[in-house]
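The structures come next, written out as C-alpha cells.
In what follows, chain A forms one complex with chain B and a second complex with chain C.
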Partner chain A sequence: MIAFWVLAPVMVIAALGILFVRKAVHAALLLAVVMISLAMLYAALEAPFLFAVQIIVYTGAIMMLFLFVLMLVGVDASDSVVETIRGQRVLAVMVGGIFAVLLGVIVGQAGIGTAVGLGAANEGGNIEGLAEVLFSQYVLAFEATAALLITAALGAMVLAHRERLVPRETQADRAAARVRAYGEHGDHLGPLAAPGVYARHNAVDTPALLPDGSPAEQSVPTVISNRGTGRPSPSYRDVDRVVGQLQSRRDDQDPATDTVVEGSGSAARGEDA
Partner chain B sequence: MDDVTPFLVLSAILFSIGCVGVLTRRNAIVVFMCVELMLNASNLALVAFAKHHGNLEGQVAAFFVMVVAAAEVVVGLAIIMTIFRSRRSASVDDASLLKY
Partner chain C sequence: MNDEFTGPAIEWARLWPLFAVFGTALVGVAVEAFAPRSARCLIQSSVAGVGLAVALVGTVLVALELPERAGGAARGDVTAGGAVVVDGPTVFLWGLLVVVTVGGLLLFAERRVDAGLPVFAGQASLPPGSTAGPGGPGEPSYEDWEHTEVYPLLVFALGGMMLFCASGDLLTMFVALEILSLPLYLLCGLARRRRLLSQEAAMKYFLLGAFSSGFFVYGMALVYGYAGTLNLAGVAVAVRAGGGQEVLLLVGAAMVMVALLFKVGAVPFHSWTPDVYQGAPTAVTAYMAAATKIAAFGAILRFLYVGLGDARWDWAPLLWVVAILTMLGGVVLAVGQTEIKRLLAYSSIAHTGFLLTGVLGLQASGDLAEGQISSLQAVLFYLATYGVATVGIFAVTTLVRDPGGEAGSVARWTGLGRTSPLVAGAFAVFLLSLAGIPLTAGFVGKWSVFASAAGAGAWPVVAVAITSSIIAVYFYVRHIVTMFFADPPEDAPVVVVPSPLTSVTIAVALIVTVALGVVPGPLLDLAGHAGQFVR
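After this line comes the complex of A and B, so read on.
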C-alpha cells in the first residue's frame, strides 16, 4: 500500500499536467510517467506479467510511436488557444469534475469488502495461470486479436503509403535545370558561397561577407533563412557591426582616396596634354 | 492490503482526467494520448478487480485491452499522419470538410 500512496499523487499530477502543458512532447513524457507508475501498481496488485507488458508495450512501443509521429508531424504543432465553441472548455472541465466525483463516491461507497487476493490463483506462477485462462477459455478471442493485429498493420501500411505522382528527379535533371537557369536568367552556375567564418562565429546561420562588405544572403542555407532564425540571431548582429565598421572606415578614407584618384587622373591627363 | 477501493478511485480519477483531456485539447496527438490514459485507467480497474475476486480473468481482459490499444494506436497515428500530410495541421478543428 506504500507504493500506492507514493505513486498515486505522482500519477494524478502527471495526468493533470497532460491537460495543461502547451507542447505535445511534454504531454507524451508525462504520459510515460503515468504509464510507468501504473506498471508499478500492477506489480503491487500481484500482476507481474502485466507489469512487464505495460513497460514493454506501452512505455516502450506505444510511447515511442507517439514520439516518432510527433517528430514527423512537427514538435511545435501546439494547441491553438482560441476556443471554437464558446464556453466548451469550462463546460468540459465541469462535466469531467462531476463525473470524477460521481464515480469516486460510488466506488468509495460501494464497500466491496476485503479482497480475496491472487495468492491461490498465482500459486503455479502468474504467467502459467494467465496462459491457462488465455488458451482455454479465451482462445477464440486470442485468435481474433491475431486477425486484428494483421489488419492494423495492413491499415497502417495502406494509410502511410504515398503514390509517386511525378517521376523521381535525378542528378542529371538537376544539372540540366541549373544550366537552363544559367542560360535564361544568368543564375550562378557553380555551388553557392559557404557561410561566413569569423573569429567569433562559424555557424551556418552566419552569412559570408561580399568584397564590398555586405552580407551574402545566399550563403545562408534556405532552411535557416526560411525558419526565420537568420536575422535576429546574435551572429547576424555581429555581421551588421562588422559591416558598420567597414562602412565607417571607408567613409573616413573616402576623401583621401578621392583626392588620390583625382590627382592621378589629373596627372594622367596632364601627361596626355 | 485487503481492500482495492483506493485503486478503483485512482482509476476513476485518471479516467475523468483523460475524458476532460479529450474534450478540451485541440492537438489530435494529445487527444489520442488522453484516450490512451483512459484505456490505462480502465486497465487499472480490471487488474484491481482481478485481485479483489482472486481470479486471473481480469488480468486477461487487461491484456486484451493492451493488444487492442496497440492496434488502435497504429491505425490512429497513421490516420493523423495522413491528415497532417494533406492538410498541414494536426488540429482536430481543421479537419471539418464534412461540415460544409
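After this line comes the complex of A and C, so read on.
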C-alpha cells in the first residue's frame, strides 16, 4: 500500500503532464515515468514477470520507438493549438472534468480492501502461474492476437510503403547513358566545370570561363539559369580588357606571375565597385 | 498449482469455421507476398471467395450438430476454456456475417463502375491529389494499381467479428474487438476518389475507436474487481450471488457498454458515424455498416443477457435513455442531410436505436407468453433485414456517378426514376425497407422488436420508436418523391452498368428484402430455433 501511495501521485502528475506539455518529446519522457512507476507497482504486487516485461517491452522497446519517431518528425515539433471548432476545448475540459469527478466519487465509494488471492495465484511460481492462465483459458485470445499483429504489419505496409514503378537508376546506368549521349550527340563526357572558375566571381550564378574567355553556360546550375537570375554572359567581356591590361603590364614590366594574379584581382574588384 | 498442465478442451468441430476464416486471411497475406502483381487481384478475390464459402458451409454444418441444452431452450457448447461459446445465436450471427461479407467481397472486386479501375486507391501512401507516377502519359503510373491487401483485411475483419459475437469472456471479446476494428480503420482510408475525405475518415475512426477501446479495458478491469473473473458466466454467478462492491460492477459495465455502443453508433457515441460512412470507400461502408452492427449487437446481447441478465433493472433504465436518444437523434439529424451517404449514416444511427429497443425486450423465459417472440429472436431477425438492406442500398449508391466519383449530393439524384427506373426502383425498395413499410423486410423486423420491447414493458421507448419511424418515413419518402416525380437536371449524373458482381449483390439483397417482407416465417423460425445463449 505504501508503494501505491508513493507512486500514485507521481503517476497522476506525470499523466496529466502528458496532456499539458507542448512538446512531444516531453510528453514521451513523462510517459516513460508513468510506465516505470507502473512497473514498480507490479513489482510491489508480487508480479515480477509483469514488472520485467513492462520495463523491457514498454519502457525499453515501445518508448524507444516513440522517441525514434519523434526524432524523425523533429524534436521541436509541437501540436497546433488552433481550435477548429470554437469553444470545443472549454467544453471538452468541462465534460471531461465532470466525468473524472463522477468516476472518482463512484469508484472512491468502493471500499477496496486488501488484495486477496495473490498467494494462491503465485503458488507454484509467478511465471508458471501466468503460463497456466495464458495457455488454458486465454489460449484462444493469445492465438488471436497473432491476427491483430499481422493486420498491424499489413496496415503499416499499406499506408506507408511506396512501391517503385521503375527500377532504381544505378550509377552504372547513369554512366552508360552519359557515354551513349556522347556517342550520339557529342555531349560533354567529363564532369562539368564548377561555376565561377576563371571568372571574376566564384558565386554559383556566375558561369565558369572557358580558356578562350567565353562563359561555360553549363557550369551554372540549371535551376538558376531557368529562373533567369544568372549573370548574363556579356558582362564578362571585360575579361578581354583584363587580359589586355595584363598583356600590356607584362610588356612594361618584368613579368611575375603572382603579381599578375594580384593585379588582375584588384583590377576586377575595382571595376566592380 | 498442478504439476501437470492440462490444456483446455478446444472443440475443433465447433470452432473450425472461425479458424477457416483466419486461415483464409493468412493465405491471402502469403499470396500478397509471393504472387505477381498482375495476378494478385484475381487470386486474392478467389482465395477470399473460397474461404468464405467454406466458412458458410462450415457454419451450417456446425449449426446442424449443436447439442441441445436446458431441455431444448438453448443449443450449443462452451469451448476453449470458456473463451468461446458456440451456441444458436452465435451460429446465426456467423451465418449472417459471412453472407454480408460475401456481399462486401463482391463490391470490393467491382471494377466496371469506375471505368475499369478498382474501387481502392492505387497507392495509399501517395499524398492526396498527387498525380500518379513520375512520368507523363504512356509512362508507368499507379493509376491502375490496386491495394490487393484489402481482401485479407476484409477476411481478418470477418474473423474478428465472428470471434466478437462468440466470445465468452471479456478478454477474448476485447481482442476480437481490436481484430475487427483494425482492418476497418485501414480500409476506410483507401478510397480511390476524394482521398483527403477518406484519410480524414480513417483518422477519426481510428482515434475515436482507440479511445473507446480504452473505455472497454477500464470497464473490464472494474468488472474483474467486482466478480474476480472476466468470464461472462462467472460474472453472472457473481451478480446472482449479490453482495460485493456493486458500484464497481455498475461503473465497469457502463464503461464496457460505452465501447460497445460506440461500435454500433448509439447516440452519445455516434459522432464518428456520418464522417466515416461518407469518407470510406462505398464498398467498405456497405460492409462496415452492416457487419459491424451485426457483430457488435451480438456482443452487446451476450454481455447484457449472459453476464448482466440478473442485473437487468440496473442497466435497463440507462439503455432506455440511450435508445430514445439514438432514435430521435438519428432521425432528426437525418432530416437535414444533403449527402446520400450521410443520410444513410444517420438513418443507420436511428436503426441502432430500434435495435436497442429490441435489446430492451429481455424477459425471463417463464414470463414470455405462448408464441411471443423473444427479444433475442427479434433482434437477430432485425439484424438480418437491416444488414441485407444496407449492403444493397450502399451498392446502389456506387452506380450513380459524376465525373469526379459518386454523385453524393441528394440533389443530384433528382429525377433518377425517369432516366433509370431500375436503379431508382431498387433504391426505393431498400429505402422503404429501411423505413419499415409493410411488405418489406424492415416492417417485420421493426414490428418484432417493438412487440418484444412492448411485451417487456418498455412502452415509452416503443412510443418514441414509433414516432421516430414516422419521422424517418418522411425523409425516406421525400427522397423517393424527388427521384420519381421531378425532372432530372441538365447535367444529370451517369448511371453506370456494373459488372455482375455488383448486380448480383443488389439483386440478391432486393429479393431477400422483399421475400422477408412477404414470408418472414422461415427466418423468424430460424432465429427462434437459435434459442437462448448458452452460459
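Basically, the second predicted complex is superposed on the first by the 158 of 273 C-alpha atoms of A that agree within 3 Å, B and C clash if a C-alpha of one lies under 4 Å from a C-alpha of the other, contacts with A are read in each partner's own complex, and residues count from 1 in each chain.
To be clear about the criterion, a contact is a pair of C-beta atoms (placed from the backbone, for glycine too) under 8 Å apart; a residue touches a chain by one contact, two chains touch by 3 or more.
This one's a predicted model, so the numbers in the text were calculated from it and none came from an experiment.
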Partner chain in contact with A:129 - chain B first, chain C second, else both or neither: both
Which of chain B and chain C A:138 touches, first, second, both or neither: both
Which of chain B and chain C A:103 touches, first, second, both or neither: both
First (chain B), second (chain C), both or neither touched by A:28: first
Chain B versus chain C as contact partner of A:209, first or second or both or neither: neither
First (chain B), second (chain C), both or neither touched by A:163: second
Chain B versus chain C as contact partner of A:220, first or second or both or neither: neither
Touched partner set for A:40, first chain B, second chain C, both or neither: neither
Partner chain(s) touched by A:152 [first = chain B, second = chain C, both, neither]: both
Chain A residues contacted in one complex by chain B, in the other by chain C: 103, 107, 110, 112, 117, 129, 137-138, 141, 145, 148, 151-152, 155, 159-160, 162
Of all residues in chain A, those that touch chain B in their complex: 1, 4, 8, 11-12, 15-16, 18-19, 24, 27-28, 31, 34-35, 38, 41-42, 44-47, 49-50, 53-54, 57-58, 61-62, 65-66, 69-70, 72-74, 77-80, 84, 88-89, 92-93, 95-97, 99-100, 103-104, 107-108, 110, 112-122, 126, 129-130, 133-134, 137-138, 141, 145, 148-149, 151-153, 155-156, 159-160, 162
Chain C residues within the chain A interface of the complex: 1-2, 5-8, 10, 22, 25-26, 29, 32, 80-84, 123-126, 133-135, 139-142, 147, 149, 152-153, 156, 159-160, 163, 169, 171-172, 175-176, 178-179, 182-183, 185-186, 189-190, 222, 225, 228, 231, 245, 247-248, 250-251
List of chain A residues in touch with chain C within their complex: 103, 106-107, 109-112, 117, 123-125, 128-129, 131-132, 135-141, 144-145, 147-148, 150-152, 154-155, 157-163, 165-166
Complex contacts: residues of chain B adjacent to chain A: 1-10, 12-21, 23-27, 29-30, 32-34, 36-37, 40, 43-44, 47-48, 50-57, 59-60, 62-64, 66-75, 77-82, 84-85, 89-91, 93
